[in-house]
Amino acid sequence: MEQKKNIRPSSDEPALHGANSRLVQQEEQRQDLGFGTKLNDAYSRLVNKNGSVNINRVNERFWDRINLYNRLITMSWWHFLGWVLVFYFVVNGVFAGTYLLVGAENLQSSVNGEPYGSFWKAFFFSSQTMTTVGYGHIAPVNFLSSIVAAMESMIGLLSFALVTGLLYGRFSRPLAHVRFSKQSVFSPYLDVNAWMFRVVNNRANQLIDVEMEVSLSRLETKPDGTRYRRYHGLKLERNKVAFFPTNWTLVHPITETSPLYGCTPEELAESDAEFLILFRAMDDTFSQQVHSRTSYRYDEIQWGYKFVPMFDSAQHGMVALDLDKLDDTAPAELN
Amino acid sequence: MEQKKNIRPSSDEPALHGANSRLVQQEEQRQDLGFGTKLNDAYSRLVNKNGSVNINRVNERFWDRINLYNRLITMSWWHFLGWVLVFYFVVNGVFAGTYLLVGAENLQSSVNGEPYGSFWKAFFFSSQTMTTVGYGHIAPVNFLSSIVAAMESMIGLLSFALVTGLLYGRFSRPLAHVRFSKQSVFSPYLDVNAWMFRVVNNRANQLIDVEMEVSLSRLETKPDGTRYRRYHGLKLERNKVAFFPTNWTLVHPITETSPLYGCTPEELAESDAEFLILFRAMDDTFSQQVHSRTSYRYDEIQWGYKFVPMFDSAQHGMVALDLDKLDDTAPAELN
Amino acid sequence: MEQKKNIRPSSDEPALHGANSRLVQQEEQRQDLGFGTKLNDAYSRLVNKNGSVNINRVNERFWDRINLYNRLITMSWWHFLGWVLVFYFVVNGVFAGTYLLVGAENLQSSVNGEPYGSFWKAFFFSSQTMTTVGYGHIAPVNFLSSIVAAMESMIGLLSFALVTGLLYGRFSRPLAHVRFSKQSVFSPYLDVNAWMFRVVNNRANQLIDVEMEVSLSRLETKPDGTRYRRYHGLKLERNKVAFFPTNWTLVHPITETSPLYGCTPEELAESDAEFLILFRAMDDTFSQQVHSRTSYRYDEIQWGYKFVPMFDSAQHGMVALDLDKLDDTAPAELN
Amino acid sequence: MEQKKNIRPSSDEPALHGANSRLVQQEEQRQDLGFGTKLNDAYSRLVNKNGSVNINRVNERFWDRINLYNRLITMSWWHFLGWVLVFYFVVNGVFAGTYLLVGAENLQSSVNGEPYGSFWKAFFFSSQTMTTVGYGHIAPVNFLSSIVAAMESMIGLLSFALVTGLLYGRFSRPLAHVRFSKQSVFSPYLDVNAWMFRVVNNRANQLIDVEMEVSLSRLETKPDGTRYRRYHGLKLERNKVAFFPTNWTLVHPITETSPLYGCTPEELAESDAEFLILFRAMDDTFSQQVHSRTSYRYDEIQWGYKFVPMFDSAQHGMVALDLDKLDDTAPAELN
């Protein structure tokens, strides 16, 4: 509110404002995937092969950095089970310590003698309380140990509820079990050439309504000489299939309208070109949407190669898809 | 990068490139459901009656082949409960063996005498630990048996969490409880003919926003004589309804624009014709999308038959839908 | 395949087939919500006030009729809790009987004397096993009672898993907490008239992206004199709002293009007119879609009435919405 | 049905009805976000900064006012855990009272002496029953205490099921972890000016398919001098991005077609202008939609300021996004 100024232009500038709106219109037609135009100095890839994004973040808040739920869902199974075990032993250790503080003699034991020390007695009592097993051969006898046990059994129920929720969430999480070819190719296609990559459904019978979106990101030069990152949506010969039982070769034909028309490998490398891939499908088991992302950089293109078919029709009259042939290519004369 | 070649065409070929783009455009207009054009030698159906797809897969990875979650969710209830029982007994057996290794005498028993052998004592102790019942009339008394029991109760909680998650997942899974007619028919329709099939909602009051997509897949011959599989979307008289309380007869009128116009039964058989059906709806209980798929082959068409109405209006003045009449047809003179 | 007939029309009927396609086109433009055109004899409403549909079903399969999951989710809380209690007591009763069969003396009791009969001892032991409480003051001592207890604790865990899943499913089920006005009105609107109804969001701050679809269903007469049910989509002055914090009056203006143009109350009654309402929105808490349906019949229209505003602006300078005024109408002179 | 009147206009008024439909069309083109046109006396904001809506509600039903599930899901963690603790102690207290009523002597205790009073014995027994720990060193010995315990263990299982469902529901709830800039700005943009605000993704790698919708709500004057609230959708230079790894500056260029064209700060204040923001995205972890809402009022606009870039490219050659710079602005000469 500091600089109050009428933003209505003076009426003697109609020509300028015709020009204005043209500039605005140009800007509106610019395609931007959300990375902005200024990422032009890094020469690092925007999207990693696994679909994550290459941005460093400063001053992120603690819980945002930790991102606990997301991390627990996406970490590997070994890490997850390891953390559960650590959590279980640490919490039991802490409660064992608490029972010792209250006094180990307040845990009445029906076991003859005490074959293990009082820490372990408290530890085992704690584990039996936390998991609600409660054999009762060790039991709290005074007020303090009883109230601690009452709290621990509640905390145990809630903690295991979270852990088991996470366990099932991990197990049931809808994922796009697809594999992209490691390389893309520049192949002959009909009587032009085309840029192609291939994707295969790793699992049978699960993905339907599959959709693919491909963009080319590269550095271009403005008339005034400054370089900026520009994005081009690439038209695919086919970007949607209803079924995805086998493999799918995505084809971008290099016609006159393609931003790749007349491009040399050297030009692609020089402009830091990167092909960004967005994959969307519907997982049929629970009708949930799944996504996948990946990218091909200029140095992941094989020029003058084509993909070798993955079908092997010799097997007992039934068509067989060999998943190991996904990355197989062969030289092919470009048009 | 091996074969560096400028893909910009020499400038003296403008005519060719006009032709090029026409070929590309043709290819773009080709409809493909995701099966590709090469499945022309098998003469087996693409989509089975239950909606699964007929593709053999080679070199699938272990976890992809197992597809554990999907399998546990989609197997029959008897199989699922059988596996749960097997799992329960095997895990308890393994833990019983572990307690025997540690020494059966370390499971203190308050039972007078031991009416069953020490294996069964260990087994029952294991089951009481795993389910967290923990009566305590059998209890671990030394360090090793206590630590094994602590682990087992945790593992038991996590395992049962998975099983109960699966149980509820199976129970609450949104399914399209619809039944397609076994046969489709070629019937007279207004003053043309039409290909029709019928679908019924097995359960009352659940599906809304129902949508149907039908494609014809058949072998056709290119000008050069090679045969390839081609796909045609079939225009339906109505492909969407907001409510689905009763039955629904899907009608594809055979007008001049239909790929079936003028087709004979023999031609359909010869071209290995298959009608692929995609069904989408919204389950109203939890507002979840449900899908169903099926197909009709050329030998599942009744020529010159029509569907008999499923409504029986005689019942107490209220309209009654007889679900058993779904497959009933009667001869009808074609136009 | 019985009646093989070439469906290609003889080539001397081109004029007829032009006519053909016109009939087909007419049929395609017919709007049908999924009830079909033949429900014209019943004179009962298609959609009940609570959104359910009036169709009687014959020969429904057992599990389809039961529709267990849907029923358990949608029954009232009192019914649900009642069934849980019944289930709990019946299953415990059955297991108590089993323990008696095995022999009540095999349930060792540390209780001095037996203050209740052996059935209740078995019953309480069963409940302690099924809920996995397992005090242990009653415990199984022979093989058979132990194995039955091992099975019961497993069955108990799985049953309670289902029940608790259902409990939380019911609790977290996304519902459109909206209330429709009991009556609709024919009111003056600008300088025409309009058919209006009103809906209110019962709860604050939850529904966004709200959408309404209204159809008129009525009996009409074909040129040949047969009566059939026809559906008209009704154009609303506004059928979508991004926020739904208050009430919303839905307005269908009666202009020349409206199927209600020039209609009298008698005509509406005679044609068994029914206005079908579909409501869709997004519940903001978990971003889930919710639906609601209702209908107004010809006898639920107040002619020459208008809705009274629900806002009461006198309260402390803040706008107050009085939810009890939803059904309030006042006479208004029609244009 | 009281005022039966033919709504068909008399046929000598065709001109009027041409006028009629023009009024109706105007009304249809009016944009309304769901707040209506009458909220013009309050001069309070429609949408609060946190996205909630400013409406007072009268005569709300009890369960609608409580809105239990929604409240338990959206309250702070401290409140939630506090309520769980209160619930746990109150329920145990109530059951302890019940056991005392039945007779504390019916809870047999194997503890030597009773180091705490009989209330606490009953309380601890209750907590051991409710959590199904069931040590058994306190156990029910008569019929009444046993049946109460059987009920409590069932109620305990169901209650903890709800609590743990809520716990995991809270934990796994998909939220738009985004932060909007506190102020919006009027900045120079190309060769016009623009209204801008900025939003940042607080967490890395989670939101895709991000969409923004902006509306201007302000009081305007009808030709007859009455004031009413009007809504204008604001055209954004870009309202959709596929990736959202960093920050995003939303730009509404003030061209001739903008409702803000030629507006002064005083006019905005006088017309109670408010910019309403709707944010939609897809959370990638579980492919769930997330929403966010906010608004900027006329007094949250900085005139003649621009946003300072949030990127800091100096860090080790990798682009770094400084989340603390979200609100940083600098003066800029308007065009």
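Going in written order, the chains are labelled A, B, C and D, and every chain counts its residues from 1.
Simple rule for what comes next: a contact is a pair of C-beta atoms (placed from the backbone, for glycine too) under 8 Å apart; a residue touches a chain by one contact, two chains touch by 3 or more.
For clarity, every value in this text was computed on a predicted model and none was experimentally measured.
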item: Option in B-C, B-D or A-C whose residue-number contact pairs overlap C-D by over half; value: B-C
item: More contacts between chains, B-D or A-D; value: A-D
item: Type of chain A:chain B copy interface by residue overlap (half), same or different; value: different
item: Angle, in degrees to the nearest 5, of the Cα rotation that carries chain B onto chain C; value: 90
item: Gap in Å, rounded to a whole number, between the CA centres of chain D and chain A; value: 26
item: Centre-to-centre distance between chain D and chain B (centres being mean Cα positions), rounded to whole Å; value: 37
item: Where chain A touches two or more other chains at once, by residue number; value: 128, 132-136, 165
item: Residue ranges of chain B touching chain C (in the complex, touch as defined); value: 84, 88, 92, 110-112, 115-116, 120, 123-124, 127-128, 131-137, 160, 163-165, 167-168, 171-172, 177, 186, 189-193, 202-206, 208, 210, 237-238, 241-246, 248, 253-256, 260-266, 282, 284-287, 299, 301-305, 309, 311-313, 315, 317-324, 331, 334-335
item: Chain D residues touching chain B - in the complex, by the definition given at the top; value: 132, 134-136
item: Footprint of chain B on chain C - complex, ascending; value: 1-9, 16-17, 19-21, 23-24, 27-28, 30, 32-36, 38-39, 41-42, 44, 47, 52-61, 64, 67, 69-70, 73-74, 108, 128-129, 132-136, 139-143, 146-147, 149-150, 153-154, 156-158, 161-162, 165-166, 169, 173-174, 213, 215, 278, 288-291, 293
